[in-house]
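Some notes on the structure that comes next.
Chain nomenclature is as follows: A, B, C, D and E, assigned in order of appearance, with residue numbering initiated at 1 for each chain independently.
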Amino acid sequence: MSFLPYAVAVWLFVAGLWGVVASRNLVRTVLCLSVVQSSTYVLLLGVGYRSAGRAPIVADVPVVSKLVDPTVQVLVLTDIVIEATVIALLLALVVQAHKRFGSVDPADLRPLRD
Amino acid sequence: MSRRARLGLFACAGPALAVVLVLGFRGLPAFGHYHGVYGLVVNGVELSLRHATDMVTALNFDLRAFDTLGEEFILFAAVTGVALLLRELRDESQRGSAADDGAHSFSGASDGLRGASLLLVPLIVALGVYIVLHGALTPGGGFQGGLVLAAGPLAALLAGRYLALKRLAPHAALEVLDALGAAAYALLGLGGLVFASIYVKNFLPLGIPGHLLSGGFMALNSIAVGLEVTGAFLLTWTEFLDQALLIRRRSERS
Amino acid sequence: MPHVSALPIVTPFVAATALVAIRPLARHWLDDLIAVAVAAAVIALCAVLLYRSGSQPVTYWMGGWRPSHGVTIGISLSIDPLGAGLAAFSAVLVLAALIYSLRYFDAAGGLYHALVLLFGGAMAGFCLTGDLFNLVVFFELMGTVAYALTAHRIEERAPIQGAINFAVTNSIAGYAMFIGVALLYARTGALNMAQIGAALDAHRADPLVVVAMAVLFAGFLTKAAAVPLHFWLADAHAVAPTPVCVLFSGVMIELGVYAVARLYWVMFAGPMHPHLIALRAILVAIGVTTALTGAVMCFLQRHVKRLLAFSSISHVGVFICGLGLLGHRALAGVAVYVIGHGLTKAALFLCAGVLLHRFATIDEFELHGRGRELRAVGIAFALGGVLLAGAPPFTLFAGKSLIEAAASGSGYGWLIAVFTVVSALTAGAVLRVAGRVFLGWGPASGPDPQQARAARERVDELRDAREHTPRTMVAVPVALLAAAIAVALIPGAVPAIERAAARFTDHGAYAAWVLRGAGVHWPAIAPSHVSFDDVLYGLLSSGGALALAALALFGAPLRASLPGSLRAGLATAVAGLRGLHSGHVGDYVAWWTAGASALGAVCLLALG
Amino acid sequence: MNQWELVATVLGAGLIPCLLVCALASIADGLIALEVASTLLSTIMIALSEGLQRQPFIDLALTFALLSLLGALAFARLLERDL
Amino acid sequence: MTVVQIMALAVVALGGGAVVAVSDPLRQVLLLSIYGVALALLFFAFQAPDVALSEIVVSALGLPLIILAALRKIRQHERSQDEDSGAR
């Protein structure tokens, strides 16, 4: 049972990649990418969790209590910002792709044939 | 490659990758049994040395403030990139005359909806300000609060007339807000260099733990990030909404 | 402790925000002035760091969070001569790109300059940081900026497609890195590379460490464009604005190789030491595959920028081979080669940009003979080809002979043959283009005419009339070529790089000066000398390049005399290789998965 | 495990039917399922804050309730032609 | 490992699978939002309220708005293309 979070992370990573590979629509590609990325959140937070640990905020609990690792949470915060920005940028590209190619199927986006 | 070949390749490679990852992950400490020292030291250090009670924010804006610099500039770069990619082209035009307003954007908002949304605006803004300012004390901080702040004007945007409200917050102003927020974060770090001779050194008085202005320059960092995120998300949203609602090719008739 | 350590990163960031903030004023000359001035200032700052770190490496703890009780909780910049030198080199190329952009195209006011400066700051941060997660953050920042810059010309199709493929594959590479960071953090409880390395020293390599290394390497090798993680590169580099290509091909992909080297020597050298021979074989195999695939694809192109892009892939293969030899001499060779290649490739891209600017196409056959009037550009282009072949005694030659000497020393003497073939093919392709475009040699029509369409670009983006080429656009590539010729000829330059590489590869000393601030006494390194054999190989690859170019231009009768079955077989092989570079992002991700899982599996089997 | 966590678990399991409706039923039904999921999360977060005895975390439930309201508005307006 | 955590992990695993498996992008946006809700719950259960709050603000409003606007632009553009081809 204690492997479950890591197993979920592997599942999300590979399933998301499958979605990207199988996608016929670039919007779907982008959304599947965000699933791939979410696997890293699960992994990181799973790594830093301590049994019966409390959230690392000592406004209302004593400092000496058992706290979970705050560092991984900071890494995940950065990760989430990266997710939001990359998705915005990619969707801007997809919108332009539809203007230029008239399609968002990656199979139709082939200006360079060689 | 044909679709079939592609899926076939992945059918071999994907499970192989999963096996590789699982083999690696088996070396991880069992869930809940993590014993790294980094977090322990941080939990010990922050309250005593920096008078902050939210360790995550303290890490974000003080210990690992340099990472956050990178993070803020990723956001800034992405927004600049979106502005670059969605710029109006020569073969496009924006339908922006007053006569157009309402005809094509979000039409048909009832007065009730509009009123309710406008009532939401101050509530959301107040919440955003609260989250930004209490970053060092309770969950939240510049990023989360900034996004909530951006949601305030958005409520008005979605309920009312898109164009009329967009005139109040034009792209240029939002770009400036975004840029100033990012610059403020970088310059607060330079403050450390100037006053304490090390970049991102916390150079302000630390205050009393649990009080609003505790944690030295963390509160200011949080505000800078909040401003940047507000500008960044409002800009991104309106850029995309412009594309969806206003910008048309010259040849198109709506 | 030099106070300027953080400034090469922060100054361009602040300048970029200023450029965006003053956009409502919209003054072109102001944008240009700020951008160029800041780029020049960053070069000066990097030079200071290079000078300081030459005598003693610098550790700069951000926010003053020095390690306490042996635990690092802050972020450090760990500046050694090689890192500072690479930062300075990237800053030089940023300046070159900005000066070239002055008259090249009508850059979207302010935004373009801001993005280029952000790119420069991110590269500097990537080179200087000593923190693993910080490295990943700067990787993502470089990526975000690069995706946007690739698609700068949104009026056209190819840039959009190239940027999408670039963004998707490199984002996945970034996620793989996050997994690597999480694994190492779980094992060592640290994010500082030196401390991770010190913690890993205590144990043998177990599957967790091996997988962490494999996913991190897979991530950075994606940025470096190692086969089969390389597909995005040609799509992106062929279509990005020419000045941006200078940064992409000249230094960005090399940073991927740099990161692999840094991670290996700082973190994994301890646990991997018993498996040195196996790891060497793995990396050299990747390098050789990359070098040969890139070289063949390069020779097959008629889209000149795409040709140069594949040539970059091929040279990255050479870098990976040199790195894979896992010795300081080979690494020094790679460093010298990176400088020479970066300057030469930048100059070649800029010459291609002149053609594009003037004739609105970059197709080799459409340009047939039209370059006659651009004599200076033609000479520069051909000279670039000769340099790329590794002709003695210039910089590329100096780097290659160092790698080759190291290869013979560690039982990989056959790599010399690979390098010779690779240099001959990539330089031969460039010389062929030079002959066809600037001298009008060879036939004026070629295979795959549908490629020509992709090579044309719209006219109305450009600010200047097409009748003449602005002087800065010729001066910049000429200056870069002059530098490519001169660097290795400066007395003491190559030995200095050898010393820097020897420091770079000293696993124990790195941990000592980063974690304990210990003074470091470097052992003296006997400088290596160019042997007669090296000159011979250099001449051989240059001669091979000339012969291949001549064969491609005038060899039609010879090719026709080959037996039909052989020709058909070759054509099928070529079509198959091209078919792999389909431009379909799903294909690329499938290949990425295959490459990453293969790397992981091989590492687990050979190193576990 | 106290009664609050039990409540949270039961309500959390309610997210699964929401996923099913979204995946299989019409878009309009999916939108409603999303609203149900939002309500569920707000409630779960309140329950968990009580269960863990960390009352300040109720902030999260409040923020989410407000934002999901706006999110629903955004969905409704931008999907108006597809409903 | 608590029951809440197991439940949250299960919902996340299912949700991620659902987002990947569905092919209609519009449906995917809805699923992605619910997936975001599930992730926020997971983060909360993992004692990471800061991260949960980030996920909430991003997945409740930040991203769906962008994706929906992009989809609407694509559909509007498709319609105008159909009109163009119909007129010819």
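By definition in this document, contacts are C-beta pairs under 8 Å (C-beta built on N, C-alpha and C of every residue); 3 or more make two chains touch, one makes a residue touch a chain.
Here the structure is a predicted model, which means the values were calculated and not measured.
Setting chain E aside while the other chains stay in place, the touching chains still form one piece.
Most remote from chain C, judged by the distance between CA-atom centroids, is D. Of the two interfaces, B-E and B-C, the higher number of touching C-beta pairs belongs to B-C. Centre-to-centre separation between chain B and chain D, using Cα means, comes to 22 Å. As a whole-number value, the distance joining the C-alpha centres of chain A and chain C reads 28 Å. Distance between chain centres (mean CA atoms), chain D to chain E: 13 Å. Chain centres here are Cα averages; for chain A and chain D they lie 20 Å apart.
Across the assembly, chain B contributes 3, 6-7, 10, 14, 17, 21, 25-26, 28-29, 31-32, 34, 36, 38-39, 42, 54, 56, 64, 67, 70-71, 74, 77-78, 81-82, 85, 131, 138-140, 143-144, 148, 151, 154, 236, 240, 243-244, 249 as residues in contact with two or more other chains. Shown for chain C are the residues in touch with two or more other chains, namely 133, 137, 140, 144, 147-148, 151, 154, 179, 185-186, 191, 582, 584, 586, 589-590, 593. Annotation for chain D: residues 52, 54, 56-57, 59-60, 63, 67, 70, 74, 78 touch two or more other chains. Chains touching one another, given as pairs, are A-B, A-C, A-D, A-E, B-C, B-D, B-E, D-E. On chain E, the positions that touch chain B within their shared complex are 1, 48-54, 56-58, 61-62, 65-66, 69-70, 72-73, 76, 80, 84. Looking at the complex, you find that chain D touches chain B at residues 56-57, 59-60, 62-63, 66-67, 69-70, 73-74, 77-78, 80.
For chain B in complex with chain D, the touching residues are 106, 117, 120, 123-124, 127, 131, 138-140, 144, 148, 151, 154-155, 158-159, 244. Every residue of chain B that touches chain E in the complex is listed here, in rising order: 31-32, 54, 56-57, 131, 139-141, 143-144, 147-148, 151, 154, 233, 236-237, 240-241, 243-245, 248-249, 251-252. Residues of chain B that touch chain C in their complex: 1, 3, 6-7, 9-10, 12-14, 16-17, 19-21, 23-29, 34-39, 41-42, 45, 62-67, 69-71, 73-74, 76-78, 80-85, 87, 89-90, 172, 175-176, 178-180, 182-183, 186-187, 189-190, 192-193, 196-202.
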